[in-house]
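Heads up, the next two complexes both have chain A, just with different partners, chain B and then chain C.
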Partner chain A sequence: MGREVSESCIDSLLTEMVASYCNQFYSNTPELAARRIEAIGYQVGHQLSERYTMDRPRFTDHLEAIKFICKDFWSELFKKQIDNLKTNHRGTFVLQDNKFRWLSRISGDPSVDNGTQDPESKAAQAMSMYLYFPCGIIRGALSNLGIPCAVSADISSLPACEYNWILSPCCFSIKYAF
Partner chain B sequence: MIVCVAVVGHQNNPLYIQSFTEADDALKLHHIVHCSLDVVDERVNNPKKSGLTLNETFLGLLYPTENYKVYGYLTNTKVKFILVTTDLDVRDADVRNFFRRFHAAYVDAVSNPFHVPGKRITSKTFAERVSNIVKSFGLSSAG
Partner chain C sequence: MAPVAPRSGDAIFASVEHVNAELFTLTYGAIVRQLLTDLEEVEEVNKQLDQMGYNIGVRLIDEFLAKSNVSRCVDFKETADVIAKIGFKMFLGVGASVTNWDADGTCCSIVLEDNPLVDFVELPDTCQGLYYCNILSGVVRGALEMVSMKTEVTWVRDMLRGDDAFELQVKLLKQVPEEYPYKDDE
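Entry: the complex of A and B
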């Protein structure tokens, strides 16, 4: 019953969303832009978690819900599972995706405008805006499953640029009150 | 015959209540739905050793009153569906089927970007789908 959309449409939509919020709506306050994007992700994650938990038995504890996010939810969204899940057993989970699909087409431009910032941190800064939406999706999905939490993401410290393409491993860390 | 279906959110707030008979008092049906919420909470917190496993979504017959039977269903996102029926012999499979279709309609209604989570469901499409499911419930159990 669902209709399909091409993946390039999704990529364009996400790129345009980040561009509009950063350059048009909240051009002077990137923190507000980030929060708006994260809020959009929250609503999307909320609704997606309803849909993807439809035919499953209920979860018995938090770990089951996190494993659902890592396996089924991630496969529905990104056609792969989370590569590595770590926890400190005190309310923090770290999900590592070695090739995050939505960042896989972003290229690193080696030309530097003014030379004050090195290209790696500029690239990291630009990429981080694209990570607020998936953080919001995870936060929305988990809070709909009954786990209020805070989600942050960062590009992990692996080799940044190779042949102008940024390898896109990222870590999402989920913190919730135990 | 189904007299009432209800969707109740995870804070026990009503999201959708629809009664399908004019004869019965709507207030009485609302009261029955409200009482059944306690039974749902009890079933979830104290699972019986026999029969129901902890993580099944379909909760089965919640409690029979003098004229009605009340069935419950709890989703992963702690949303409860309540079904009130006057049928005397209702097959388990029919009710499960009903709840499956009802869940699908609910998911579609909630995926509406204009729907605010936690507020009542106001979509006419959802209401139509629910009344179709209710009508076909009667047919399938008769056949």
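Entry: the complex of A and C
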């Protein structure tokens, strides 16, 4: 068992990171805030997958690498595995975590509901900002394993959370899905 | 009902949910890196980290009070001890010690010999002015402000700058008296 800190530490840090980028630096350009948050996640995923694959043989194919993400990597981060892995066998994988920790304490902002804007979309946008970070982590981890890809997240019904990826094994030109 | 006894930092840390410290350390590191890229000036990054810490401290004090059962501290000395022995322990899992009191008991140092924030960290030459752990000083300042103490928190020693420990100087500037009645809308 490695070193641990209280869960509040990471929760507070993520909340504050998202708040800084969304409300302070890029309050009018959420797409730029999203890119910064994703970049932070990418860095973390890249470094963590380097550490967690140190003593392993090289993965022979993509599926093996993705299974590693679903099982070992996810367990290190969230103490649970991905609940469901689906693929269309043409480079798209869908990972489902039925109880995603970083969303389990988020609720839709009730004050937003009174606004004139479509409340659904505003709440969803605020929520999605929190998802760029884990998307970045997955993309960083896979990129370190030699699999360039785009990762996007989709919340069907809280707190279940689903990842949609488009894998590009041989082509680096796929744009981000966001 | 008998008053509930304050719990030790170890006991609280053992009872809360834990996460992998590497994830925390690397996330913090990645945030600092990104801020250095975006804000360009090291001084601006120091300010931003302090501000983020302040915002965290303002919220974390609630969790601290709820979980620790600590009652009102009689003086600033006790406050400092509680922060070092219980506060740091229950969140970061590391204890700290309090030293270097000044004569009138309003200024002291909290010394951390172990600090999970800086595992794997080395400062490059271009970041020599960076107070890498500035978020921690912000947390202490924010938390104390919520319990009516205005403080100034500065780094005196920093292992990333070659010192032998992390030393936070906490200086009590003003104790804000509580005012009644509280206004409803505040």
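As a working rule, the second predicted complex is superposed on the first by the 138 of 178 C-alpha atoms of A that agree within 3 Å, B and C clash if a C-alpha of one lies under 4 Å from a C-alpha of the other, contacts with A are read in each partner's own complex, and residues count from 1 in each chain.
Quick note on the criterion: contacts are C-beta pairs under 8 Å (C-beta built on N, C-alpha and C of every residue); 3 or more make two chains touch, one makes a residue touch a chain.
Small disclaimer: the values here were computed from a predicted structure and weren't measured.
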Exercise for the section: Quick one: classify A:56 as touching chain B (first), chain C (second), both or neither. Expected result: first
Exercise for the section: Considering only touches as defined above, state whether A:13 meets chain B (first), chain C (second), both or neither. Expected result: second
Handout entry: chain B versus chain C as contact partner of A:47, first or second or both or neither
Key = both
Practice task
Considering only the touch criterion stated at the top, classify A:36 as touching first (chain B), second (chain C), both, or neither.
Solution key: second
Fill in the blank from the handout: Of the two partners chain B and chain C, more of chain A gets touched by chain C
Fill in the blank from the handout: Overlap of chain B and chain C contacts on chain A, residues 43, 47, 51
Completion exercise
chain C residues touching chain A in their complex are 13, 16-24, 26-31, 33-34, 38, 48, 52, 55-56, 59-60, 63, 90-93, 116, 119, 135
Practice task
Mind listing the chain A positions that touch chain B in their complex?
Solution key: 43, 46-47, 49-51, 53-54, 56-60, 144-146
Completion exercise
Listed in rising order, the residues of chain A that touch chain C in the complex are 2-10, 12-17, 19-20, 25, 36, 39-41, 43-44, 47-48, 51, 76-77
Fill in the blank from the handout: In the complex, chain B touches chain A at residues 10, 53-57, 74-78, 103-104, 106-107, 110-111, 113, 117
